[in-house]
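What follows is a single structure, and I will ask about it in a moment.
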Amino acid sequence: MIIVLKSEATKEQIEQFAKELTSEHKVSVNEWTGSQSTVLGLIGDTSEIDIDYIGAQDIVESVKRVQEPYKKANRKFHPENTVIEVEGVKIGDGSTVIMAGPCSVESNEQLLEVAQKVKASGAQFLRGGAFKPRTSPYAFQGLRTQGLEIMLHAKEKTGLPIVTEIMSADHIDLFKDVDIIQVGARNMQNFELLKALGHLDKPILLKRGLSNTIEETLMSAEYIMAGGNEKVILCERGVRTFETYTRNTLDISAVPAFKKLSHLPVIVDPSHAAGIPWMIEPLSMGAIAAGADGLMIEVHNNPKKALSDGAQSLTPEQFDKIAKKVFELKSALSKIK
Amino acid sequence: MIIVLKSEATKEQIEQFAKELTSEHKVSVNEWTGSQSTVLGLIGDTSEIDIDYIGAQDIVESVKRVQEPYKKANRKFHPENTVIEVEGVKIGDGSTVIMAGPCSVESNEQLLEVAQKVKASGAQFLRGGAFKPRTSPYAFQGLRTQGLEIMLHAKEKTGLPIVTEIMSADHIDLFKDVDIIQVGARNMQNFELLKALGHLDKPILLKRGLSNTIEETLMSAEYIMAGGNEKVILCERGVRTFETYTRNTLDISAVPAFKKLSHLPVIVDPSHAAGIPWMIEPLSMGAIAAGADGLMIEVHNNPKKALSDGAQSLTPEQFDKIAKKVFELKSALSKIK
Amino acid sequence: MIIVLKSEATKEQIEQFAKELTSEHKVSVNEWTGSQSTVLGLIGDTSEIDIDYIGAQDIVESVKRVQEPYKKANRKFHPENTVIEVEGVKIGDGSTVIMAGPCSVESNEQLLEVAQKVKASGAQFLRGGAFKPRTSPYAFQGLRTQGLEIMLHAKEKTGLPIVTEIMSADHIDLFKDVDIIQVGARNMQNFELLKALGHLDKPILLKRGLSNTIEETLMSAEYIMAGGNEKVILCERGVRTFETYTRNTLDISAVPAFKKLSHLPVIVDPSHAAGIPWMIEPLSMGAIAAGADGLMIEVHNNPKKALSDGAQSLTPEQFDKIAKKVFELKSALSKIK
Amino acid sequence: MIIVLKSEATKEQIEQFAKELTSEHKVSVNEWTGSQSTVLGLIGDTSEIDIDYIGAQDIVESVKRVQEPYKKANRKFHPENTVIEVEGVKIGDGSTVIMAGPCSVESNEQLLEVAQKVKASGAQFLRGGAFKPRTSPYAFQGLRTQGLEIMLHAKEKTGLPIVTEIMSADHIDLFKDVDIIQVGARNMQNFELLKALGHLDKPILLKRGLSNTIEETLMSAEYIMAGGNEKVILCERGVRTFETYTRNTLDISAVPAFKKLSHLPVIVDPSHAAGIPWMIEPLSMGAIAAGADGLMIEVHNNPKKALSDGAQSLTPEQFDKIAKKVFELKSALSKIK
């Protein structure tokens, strides 16, 4: 950590401040005096030092971290890729996983039909929403507990492990048979929820928030990991920008960034990123070519009757075509050195 | 609601679609045929129609709402300002309220000292954080339950009603003696929390999310109000943009926008918006002149020792100067017609 | 164009307004009366109607375009891809073109070395900056006219056609031997420059502005095309968001969007998008897989001595490796149906 | 300037790099070695060192400026406010100036009527557009040279000095009798134009770009000042964000930021910021209370017939009411200490 002091800081103030730093933290302090300002360099473990606290000191002009503030999620301290295995399917091992299914679970028939079809197309996971975060209190809020039962029923029939979103720590018990618990973009900084999930022994799919940085996303992963649960899958699903043609702007750079900074698997959700069915194919192809470990895609047996997000869902037939292309692309990429 | 259909939509498809709309919703449908497309106009209560559902239809090119999707928060259906009274203090009645106090509650002594000083300067509410949302799991997370006790103790001693943030619906019972419950920016779309707060009879201070639109903020207010709790106070606290000089960008336009679209009181938090202590004065003055009903300002007896957000806190002396100016400004504004 | 009128609009006002619309524009007007508002639908050529003018009418609540405001750039009126041929190289015909070279032209030796190497790696165009837009007036501003001469010299020696940026309509005569004139992101809405370029018979590479929408980019292409020059190449180079890890955020969705809305070729500049050399490979792969017609990549013989943008430049060796992968990917993609 | 080196940098590399820095720039270098990295501190004039060049060095992890990169615009080197006097009216001296008039100049009659009315309401400058930057090539482009003549005619008749926008360095001669030349948001980084304006002896009103930072705006001011023309007026006119209710988001924080960092006068344009006529009053009041030196407001004698931006223009009567309130507010503020 590098601390630039104000030009008016006196020698006594600087000495006093340096003394506090070394006594309160496991760091040593180096001082270097420039023409306009003095700079302090902190050596040691600075990840637990509050950068705001430092910035608040009267004599401090600015502060800059040299170390990243996350440890467990940091590739520096865990150079190999984390591979998460769920019911025999590996995520993060260099293969491509696809999680497909409807935005909302609507009925046993609907989900089973979709599950069978996406499985036939090669999807390894069934996704579906039971608890639905909706902007409007008047919109369909999901089948909730009943929706989870339908998900489990579809799993039983098809063998596909399931991924579904949790909206409150209160519901954790209900999710005990879910294979991967999803944290939605709007809850990425619901820290009480993250802490609770940190005590489970179950993979968590963490979606990046609408306007959260790459670092903040890794800090939310760190919340879960700090509790002991290191099975975190990162998901890029588009960020909010000024552009209105697409629902969000897919930040494709987040894929290589997450892979570089962290050892966690990274998947991409092109359905929510674009909000436009015909754009799912090019974005899926782009995501895989850029290095994503998998995709999460909305598929509905009857998109125009979907109770939510129908506008961006694919039919099983459209999905089949894309899945084929994605797997062919992956196969080709594995031969390009 | 206006629905533009694709040029290739057939007469049969259009008729079929119109029939569905009228049978499933309390609306009538008007059709108008242009040179390149047909347009349907829906008359009636469209607030419960899912715009995504409409957009997902094969024959639909685009959809546009004419009515706002919020009802209880909408000034059109509630023309008078909502005035919320807390322990005799009115919010939204044309006066200026100031909520002041430390980011984090740290001890009885700290909070009492701050409370007495901000009261002397004219603040009508004591704010303070017991449960703290922090980006890092390694940062101070607040004194939690003990922090609430310290808040209540300071209330008892000074008579100042208290405002403090809730982070989970699980904690609602702990907040039963809190005067105003705050929903932080990161939880603005924690819908399970909003629903739970909708069942209370207690004012809720709802902070706008970092990248949530004005309409989304009103929809989150609607979540609370739809549950029966109409005592919602909106709070603009800066949105996330590309600018890095300030911590966030205060969206001053949100003040007149919220006042125009809604009947709810609107306060501004210049401390979190800028993250720079010297900027709190000009932003406070600007917010009041633009029509805000009040301010929420961070004040700490010893900012450089604050356990969180010290960098943006004012000393009680700095706060006193600003509060004086703000009240003088308000008095002057009341004479300008 | 659909115009929603305010509920208080009188019958006389509406009639009067409709009469004006039909007399001043080549449109007919359809009226449809809802429960809360009246809606007018305009049929005919509305691309020359000023949407702001309509919105300014006292009785107008809101306006919505149904037609896109661009015509010459619009795929609807020009379904086939535009293919631009430069010195025998085709852009937009389904192949992949790479434009490579240094950010700034620095000397004959430097440019020639880079040109020979990128040519050997398969680049079909030499890019290089002679006139440099720099944020600081104290930064190196480019070799200007001398830089153009060095570019032409490198073209003569290697046969590579050249791409270089223009910063003012004043300089057009200097660019007469340049093969493709680039309009930089900061000049994307320098309308006087766009108009001047519209009178040339030379390909223009138009970079999307830092915070310009997809539609605005197409409108800037339309400026050039409206003058008679239909040889426009669109370039996505990252937009400005809140994310700070990358220099900009590459909007990969813009690639399929531009291809869908327009018939113009689309290339991607991963160097400026990320500003990070190691990210150029994954972003290049992603861009090609998402459907881009080509790439523009910064290559410098000695990045750490580059006079500008060295931080994001590749060495010729790094570039060679990426170009190989990109061409192999393209070959594989051509076999995936 | 502080340079953090990579952990793998060797002693020889560091020595070599430090030697280069001291030989090529007027700086001395201090070295400090931490547990994970070595840090170099540069002392001296670093404003001409290219931060990208430093960042491109193989051994460099990151770079941080301690000094601002602007000098002539920097309040540190010019502590007193710059006051610009135009035809006897002072800008930046603590008073409030208002520049009012139509978006586009349309005719002698129109402009004269508006000029007389805004003058009667207290405006000290007449604004009006002759050369108009329009997103669409099919929209009205301004009366251009004839528009300037109409502006000068209105000045002659009313005595109001005039402010109008330039779109190309080519047109400078045409602007010789204009009192204040405006650089629009879309040309804020048209560096060739800025350089040309730097050679004039005439006030330049520089609008902040749609997505330019505060620092970039000051760097554009520096471009003009570096050429010798130190009469720059900064103008905040809203930035582009995700919010769609307002046309742009007025960054009120930019007012105190510009005043703190720079000595230049700062005005606010609430008309373009919001794009909503009824919002001009609260934003004007907010801007003045936050410390702006003046306002630029669009006024049209007949907004619904305006050839551009009518949707956001005020009538002279509406403007009169706001101007009165603004001047009363300013008078009240001058008494608040």
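All chains are identified by letter, namely A, B, C and D, in their written order; residue positions are counted from 1 within each chain.
Rule of thumb we're sticking to: a contact is a pair of C-beta atoms (placed from the backbone, for glycine too) under 8 Å apart; a residue touches a chain by one contact, two chains touch by 3 or more.
Computed from a prediction, not measured in an experiment: that's the story for all the values here.
Centroid distances built from C-alpha atoms place C farthest away from chain B.
A count of contacting C-beta pairs for C-D and for A-D identifies C-D as the more extensively joined pair. One inter-chain figure worth recording: chain A and chain D are separated by 39 Å, centre to centre, where each centre is the mean of the chain's CA atoms.
Distance from the chain B centre to the chain D centre is 31 Å, each centre being the mean of its Cα atoms. Our note on geometry: chain C versus chain D, Cα centroid distance of 26 Å, whole angstroms. Multi-chain contact residues of chain A, defined as those touching 2 or more other chains: 211, 240-242, 244.
Those residues of chain A whose C-beta lies close enough to touch chain B in the complex are 47-48, 50, 52-53, 55-58, 69, 131, 133-140, 167-170, 186-187, 189-193, 195, 210-211, 216, 219, 222-223, 226-227, 240, 303-304, 306-313.
Partner chain C is touched in their complex by these residues of chain B: 2, 4, 30, 32-37, 39, 41-44, 61-62, 64, 66-67, 211, 240-242, 244.
For chain D in complex with chain B, the residues that touch the partner chain are 211, 213-215, 239, 241-246, 249-253, 255-257, 260, 273-274, 278-279, 282-283, 285-291, 325, 328-329, 332-333, 335-336.
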